[in-house]
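Common to both upcoming complexes is chain A, partnered first by chain B, then by chain C.
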Partner chain A sequence: MIGKLKELFSDLFNSSENEDKSIGIYGPPNAGKSTLANQISKDLTGEEMSNVSEVPHETRTVEKKEKASIEANGRELEINLLDMPGISTNVDFKDFSEHGIEEDEAKGRAKEATKGIVEAIKYLDDVDACLVIFDATEDPYTQVNVTIIGNLEAKDIPILVVANKIDLEEAEPERVRDAFPQHPVVEISAKEGQHIDKLYEEIVGRLS
Partner chain B sequence: MSDDGVTIEFLSREKLSENDFSDKIETVLEKVRNDAVLVLEEAWTPQEKRDLIESSMKQVDEDFPGVEFMGLNAEPSKINRAKRMFFSKIFNEDHRRGLTIVGNSRVMEKIKEERDSVSFLAKLEEA
Partner chain C sequence: MPHRCMNCGETYEDGSDKLIQGCDCGSSLFVYEQGESMSEDEQEQVTEKVEEMMADGVEETGDVKFEFDLDSIRVENEGVYSINVSRLLKEIPLVIRKTEGTYHIHLPSAFDPSTTDISPSELDKE
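Coming up: the complex of A and B.
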């Protein structure tokens, strides 16, 4: 399957002279973006790329695994895998305090988080394809999520929706399907590595 | 937020059409920072909602954590988007039919959204 994934990226970018392409991982805070980014990065490069935490907005800048080297069809490709800060409409430093973080540090984190959200929003113009990941235990039909999907659709950027955390008993991935019926949805557990092969199969089948 | 409760302000489509979108966002954020909840008689596009998120993030500080917003007539499908573009060209601003609700996130909570209905709880006390 890893071979197929590499072939996918090869097919995606073969027609372009610019081989340095970007795959963005978008979604709300704590959806599992960094866990998934680490899984893909490990598969492609053998290395993780992001810190993972239960604290919201752990990823506060765009984390990049740049120029991940992929050899396929007799040529070498380079891609940039982009783990985006979670996009939300509000960042309250008090939410960090609830996780045991001191007030001064919480205020600093909140400031960084707002900058990260702006950075992630600006990248909506620059990515070449997107994985949009949702926590399957949460209601996915929010204005923020609709806004992210709508902006990607407006630019005809290929989207694969990922319903994450299906290892949890309260997961309801069908809500993700109902919220975004216009896009393919893959159900995974990035943490447990569950159905990651299916994710790669969908990428190959839908985006190539 | 006043001592008596939350101010909910309704802005008509005609009033909203007086300003360009960047001025509109500035006005909205100014009112929302003062804890008003605004009900706008128009739908916003995904690009405009993106601009709202970006602009509000730039204003976040210790006293203002950001916004919550809801929209009726949020249409994610390509078919509906194409319809809106069509009607927009034929009937000018008709694609703006709908509602957008914006408020301070410390005021609005327990938001419930469906495709054809939205609701929220306005908090009456300071967090």
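Coming up: the complex of A and C.
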């Protein structure tokens, strides 16, 4: 499977050598997508790209950073980075109001988050590869996670699985590896910037 | 043969390595199939019950529940939504269920499945 993925990445690169690669960051809410997007964007362009918050569904529209250049192992790759709204099967305004957000605003946010999930899924048609990020302190084997991975596989979109939050004591990144053994897994802490260089190596190694 | 691949339909026995490694087609989604089938009498009883429920417009009784995989988004209440991620991933029109038996068909996506921009009012409870 990994060999097949490498082939896919290689084919992708060879077929459109001069085009930028669009990389979508997918995953459930609060997995750390925006923290990772900011970390990558800051590294590559010096600017952050998304708001980060404890409140779920903080990213409710697709955030883009275009023409960021990754360098690793002496190779360079130009990418468009897309930070996606978190995909979930339920959106409840109470998830917002319990963080102190007024009821009317919370209901508005719930609507935006629902639209955001539809938008994130639509964008799958426009990405060349996906970073699928999971919170390593949570059970990775949820219906949403399995559905996301299964459908990316069905659409033949190359995937790099990211087990995030390894700086936390309760993190068990091996559970992510066990849940998705058919995909390469990089263990990181987006917040602390741990192993981000390994992530770049994997991205550049597979996309160029 | 209780585990059926949701992508290609290949079936695997309990404990098969493929359930962990993924199917030969690359998918790792499996659905568990009940081994024992119902007797003819039982089937007749269920058919009758389902027909009654459909005639009465009921979706759930004590022991039978209909699960229609029709709606992409269900408005459970104002600001509370259930999202059918699997359905959204298919290129089919968006269907928003407002209340039991009331569906809003998102016409732009019906004509062009890649057009999925929904307006906020389409997510209002009716």
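Points to keep in mind about this one:
In the analysis below, the second predicted complex is superposed on the first by the 172 of 208 C-alpha atoms of A that agree within 3 Å, B and C clash if a C-alpha of one lies under 4 Å from a C-alpha of the other, contacts with A are read in each partner's own complex, and residues count from 1 in each chain.
The rule is short, and it goes like this: contacts are C-beta pairs under 8 Å (C-beta built on N, C-alpha and C of every residue); 3 or more make two chains touch, one makes a residue touch a chain.
Small disclaimer: the values here were computed from a predicted structure and weren't measured.
With chain A as the common reference for superposition, the partners chain B and chain C occupy clashing space.
In the superposed model, A:125 makes contact with chain C only, not with chain B.
Once the two complexes are laid over each other on the shared chain, residue contacts for A:89 go to chain B and to chain C alike.
In the superposition on chain A, A:141 makes contact with chain B only, not with chain C.
Within the superposed three-chain model, A:182 lies in touch with chain B and with chain C [touch as defined at top].
With the contact threshold set out at the top, residues 87-94, 107, 110-111, 114-115, 117-118, 121-122, 124, 144, 146-147, 149-151, 153-154, 180-182 of chain A are in contact with chain B in one structure and with chain C in the other. Contacts from chain B toward chain A in the complex involve residues 45-47, 49-50, 52-54, 56-58, 60, 62, 65-71, 74, 76-78, 81, 105-106, 111, 113-115, 127. Contact residues on chain A toward chain C in their complex (touch as defined above): 1, 4, 87-94, 103, 106-108, 110-112, 114-115, 117-119, 121-122, 124-125, 144, 146-151, 153-154, 180-182. Listing the residues of chain A that touch chain B in their complex gives 87-94, 107, 110-111, 114-115, 117-118, 121-122, 124, 139, 141-144, 146-147, 149-151, 153-154, 180-182. Partner chain A is touched in their complex by these residues of chain C: 6-7, 20-22, 26-29, 72-73, 78-86, 88-89, 94, 114, 116-118, 120, 123.
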